[in-house]
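Shared chain: chain A. Partners: chain B in the first complex, chain C in the second.
Entry: the complex of A and B
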C-alpha cells in the first residue's frame, strides 16, 4: 500500500496524468465522437450528388426553413423577455422574488413531452383556453405558431440565465453616474447598461436558438407533424427514418450537426469578444 | 498677564456656520436627516457652499459622508430637510434634473466608451450639435491633459487618468456643484499628494464649487477652503482649516484632526483648575459655571518646555514634569513628558478624577503628554530623558465635557 505513492514520484514521472487524459478520450469515443462521425460517413457514403439531392428535396428544405424561422422568433421573444426579467429581478427587491426566479427557471426541468402536452391541454381545440377560441375559428395548435410557443416554453430560462448574472455583478454606480450626468432611464439603459450586456445577449441568443432548432419532444405533440406544413427538421429526420429513407434523414442530420457545431464554436472561440468588448 | 496671548475660541458650538461667504450660496443643505429603515444615519445636517468654494466633509468611515453626497445628488431621498442649488429647491427633483457632478469613489467611467465618448456623454444625451460636442470635448481633454489618450478605453488608463476623465465628464455639462467621494482613496500615497494639488488648481481655474469627502485629515486640510467634521451623522464643527485645527469645538474634533493632549479639569474662579492648580488662563466666564468639569485640549506643538522657571512671554504655565522619552520624528523632535500633577484625592468629590490622554479619547489611562519641538528649538535647549522641565502652553482650547462622553 505504502509503495504506491512513492512509485508515482519516482524520477518525477506522473503516471496518473497521461492515464486519466487517455481514459477520458477513450470514454468519449463511443459516447460522442463515433456517433457524430457515423452521421457523416453514412450521409456521404453514396456520394455527394445523392447527398445533395436528399438535402434539396422540397420537404427537407421546408423543414429546415421552418425550424430556423420558428427558432428565430422564439429566440427573439426569449432574449427580450430574459433581458426584461433579469432587469426587474436584479434591480428590485420585492415579495416573491425568489419564487419568481424558480418559476422562470422551471421549464428546463420539465420533460419536453410534458411541456408539449401541457400546451395542448391549454390551447388545443378542447383545451382550457382553446375551447373558447375554437368557435371563433382561431386555432393555435398544429400551426407554426404552436411550434414557436413550444420553443419559447422549453428555452424559456436560457437567455435569462445568461443575462441575469451579468446584471447582478454590474456596478450600480455606472447607472447612477449616468443619471447624475442627466440621462433618462431609457438613455441610461441604451447607452450604459445594454453595451455591458452585449456578450451575454449574444451568447444567450445563440444558446436559445441552438436549443430551439433541435427541439423534438414538445414540437411533435403540438405541431401535428404535417410534412411540408408543420414539420420541423428534427421531425423530418424522425419521419424519414420511420419510412426507411435513411439517406434523407441523414442529410438533414448532417446539417443540424454542423449547425450546432458552428454555434458552439462561436460561443467558445468568440468568448473574448463577447465578454470584453 | 501671560494668559493675555492665549487664544481662546469665541463660540464653542457652532454646528452651523453662521455667515455664508456670499449672499446666495451655490449649494445649501438645510436640516437634512436620513434614515435607512429604523436606523438614523444623518441628523440635522446643515451647511452652505459658496460660489467657487471647496468644502471638505471629514469623518470616520461609516459616519454618513457618502449618504450626504448621495442626498445632494438626488440618488437618495432625505427623511427631512431641503437641498437648495443656486437658490432653487431641488429636494423633489430626480438626480438627472439637478445638474450636479458626482465623481464616484470608483470613478464609474463607462467601460465600453472611449475617453472622448465618456467626456462627451453629457452633451450627447442633451442632443447638442456634433460640432459643439467635439469642441467641448477637445477643450476638456486639454484642460485635464489627456489629449493623447482620447481613443483609449477606461481600463487602459491609470487611476489618476481615470479620475481626470471622470472630472472632465462632469465638467462637460457645467454642473452647479461638483461632489467628490473619497477621490484619492484608490490611489497610492505619492499620486494622491500630486493629484490633490492638480485638482485644487483645476477647481480654481473652472471656478465650480466643490464638496469633497475624505477620512484623511491631511487631505482635508489641504483641499478645503472650509472643513466640516462629521461624527456619526452630525456635524461636529464647520470652519476654515485654521479654525478647526487651532480652535476645535469638541474633543472629537481635537483628536480627529491631528494629535491632541486632553487634560480633565474644572472651571473655577474664571480659570482652569487642573488637580487643584489654577493654570492662569483667562476663560470667558459666561461659557461655564463655577465648578463645571471641562477639558483642556492642546496640540503637541503648543507645548513649551523650559529647564528654568522662565517661560517665554505669552506662555501659560501648566506644571512641572519629567521627560520620559525622546524620539526623533524627522522634521521635529517628539517628547513624552509626565506631568507632576497628582490624581485628585477621592474624597474631593465633585472634581473629576485626574487623568491624561493623548490622541484617543477612548483611552483614559494615565499617560504622559506629547510635546514636539522644531529643530531650532531642540538645539537651543538640549533635553535628555529624566530631565526636569517646566511645562507651558502657547495655545490651548477649553472644551465643555459633553453628555455623550
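Entry: the complex of A and C
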C-alpha cells in the first residue's frame, strides 16, 4: 500500500518535491501567468512599431507621469504618517488605541469605489466641507490633488502595517542605553530607532507606491477622467479598452506589469539587504 | 562586513537624498491643454469621440484661429450619457455636454447647471441622429433579421446598461416601439402585450450589459455574444475597420437624437463667446457634413444624408415623439415597462 514512501526511501529521492513544485507552477499557470502573458501577446500583436507609438502617445505619457507623481506624494505622506502612527501606537497605551488600529486598517476592506465617493461627498463642490470651499474658488475634486487624496485613502494601512510590527518587536534596551548616555529623544529616534526601521520603511514605501500606481476604483470617481489632464494610467487603460483600442490599452498595461515586477523584485532584495540587523 | 555596515549606515541619508531628488522632479506634469490659448472642456456620450476629435475640433479650431487669431484646444471625456451627466452633477468642469438622450440635460436643468432652454435652439438642440440596428456575426449564423429574432432561444445578446448608457435606453424604446409599429401595421392596433413579451424574451437572452454603447461594442468585438443592438454608426465604423460582422436593419426602428447643451454654471463669462460660436458651428453645413462622413445623419439637410451610401434603409422609422417625447417615454417605457416588468421579473 505504501508504495511512494517505500520508493522514496529506497531510491533516496523525494517524489513529493518535484511533484509539489510542479503542481504549484501548474496551478499558477491559468491564474496568473497566462493572463499576464496574454497582455504581452496582445500588446505586441500588431508589431513593435505600433506598440511603441501607442506607448509614446502624448496622452499615454501624460497618464503614466501623472500616476507616478500622484502615487509618489501619496507614498511620502503615508510613510511619514505610518511611521508616526506606528510610533505612537506601539509606544503608548491609551484609551481607544485598539479602535484606532482597527480604523487605520479599514481602507483595506472598503471597496475603492466607496473610498472615491466618500471623498466626493466630503470635498466635492456640494460635499460636507467642499461646499464651504467652493465659493472661495477652492476645488480639490477633479484635480491631481483629488487623485493624491484617493491614493492616500486606499493605501493608508500599508506602510503602517509593515512598520508597526517592527516597532513592536524592537528591543527597547538600545533606546534606553542611548538615553542613559545623554541623548535627547530626537537624537535617540534619529540615530537609534530610525535606522533599525530602514527595511520596514523601504518595503512600506514600495508597497504603498505599487498599490497607488495601480489604483482605479476611487480615482475614476474623483479625477474627472479627462485625457491629458486628470487621467491616470489605469484610467487610460480603461478608457482605451472601452474605446475598442485594445492595443493602446495593452501597451500601458505592459508598462504597469513590468513596473510592478520591478518594484516587487526591488522589494525582495531590499528586504534581504536592509533587514539583517 | 565592515563595508556592508558602512553602506547600511550611509543608506538612510542616501534614501533621503533620493527622496529629495524625486520630490524635486515631481512637479505635476504640465497638461498640454493649458499651454496657452483657450481650452474648452467637453463631456460627450461614448460614440461621439471620432467625429469630434477627428473632424469637428480641428475644423472649429482652424476657423476660430482664422477669424480671431486665438488658439482653441479641447479637452474631453467620453462615457455613457447617464455617466457623464452624473459626473457633471458631482461637479466636473464640463462646459459643453453632448448627450445621447434629452433626459440628461433635463436632469442638469433641474439642478441648475443648465439655465437656458436648449429646445429653443436650432433643431430643438439636436445636433445629429442615427437609427438603431442589430449587429451580428459574419454570415448571420443565428438567422437574425429583426428585433423579434433576438428573442429566439440560444441567441446570446450584448446590450448596454440602461442605468448608465443613453444608447441602451434608445435600444429599449427601439425594440418596444418597433413591435408596436409592426403590430399596428398588421392589425391596425398597436399591441402592447406583444411588445412587452418580446422585450421580456429578448432581455432573457442578454449575457452582458456594458456601461456604454462603445464598451458594448468592444465586448462584442472581442468575440462575446451573437448579436449587439447599437447605433448604426457603430456598425458602419466596425465595417470600415473590416470587422467580421453584418448589420441587420430592422423593418421598424427608432432614430436616436442627440442634444448638445452648454453647462451654463461652468462657463466663465470670458469664454461665453467662443463656446456660443462652437455651439453654432455644430449646426453649420461643414459640421453637419462631417457628422455624415462619420456616419451620423444630419439634422439640417437630407441632401447631406444621401451623400453617405453606407446608410441602411429603414422602412418604418420613428422617433421618441412616437412615445410623446422623453418626458413621457422615460417614465412610461423605461421605468414602468422595462424596469418594473422586464428587468425585475425573473
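Quick notes on this one:
Basically, the second predicted complex is superposed on the first by the 253 of 277 C-alpha atoms of A that agree within 3 Å, B and C clash if a C-alpha of one lies under 4 Å from a C-alpha of the other, contacts with A are read in each partner's own complex, and residues count from 1 in each chain.
The rule is short, and it goes like this: contacts are C-beta pairs under 8 Å (C-beta built on N, C-alpha and C of every residue); 3 or more make two chains touch, one makes a residue touch a chain.
The model shown is predicted, which means the values in this text are computed figures rather than measured ones.
Once both complexes are superposed on chain A, the partners chain B and chain C fit side by side without clashing. Contacts of A:22 after superposition: neither chain B nor chain C is touched. Look at A:246: by the touch rule set out above, it reaches chain C but stays clear of chain B. Of the two partner chains, neither chain B nor chain C is touched by A:111. When both complexes are overlaid on chain A, the residue A:65 reaches chain C alone and has no touch with chain B.
In the superposition on chain A, A:195 makes contact with both chain B and chain C. In the superposed pair of complexes, A:183 makes contact with chain B only, with no contact to chain C. The superposed model places chain B and chain C at 160 degrees from each other around the C-alpha centre of chain A, with the value given to the nearest 10. By the touch criterion defined above, A:227 reaches chain C but does not reach chain B.
For chain A, the partner that touches more of its residues is C, with chain B and chain C as the two candidates. Applying the stated contact rule after C-alpha superposition, one finds that A:35 touches neither chain B nor chain C.
Contact with neither chain B nor chain C is seen for A:165 once the two complexes are overlaid on the shared chain. Superposition on chain A leaves chain B and chain C with their closest Cα atoms 5 Å from each other.
When both complexes are aligned on chain A by C-alpha atoms, chain A residues 195, 198, 277 touch chain B in the first and chain C in the second. Those residues of chain C whose C-beta lies close enough to touch chain A in the complex are 8-9, 11-12, 15, 19, 22-23, 26-29, 31-33, 41, 46, 49, 75-79, 87, 90-93, 211-212, 214-215, 217-218, 221-222. Within the complex formed with chain B, the chain A residues making contact are 171, 173-174, 176-184, 187, 191-192, 195-196, 198, 277.
Residues of chain A touching chain C in their complex: 58, 62, 65-66, 69, 72-73, 76, 120, 124-126, 130, 139, 141-142, 144, 194-195, 198, 201-202, 221, 224-229, 239, 241-244, 246, 274, 277. Within the complex, the chain B residues that touch chain A are 73-75, 94-102, 104-106, 108, 110-113, 121-122, 124-126, 169-170, 173.
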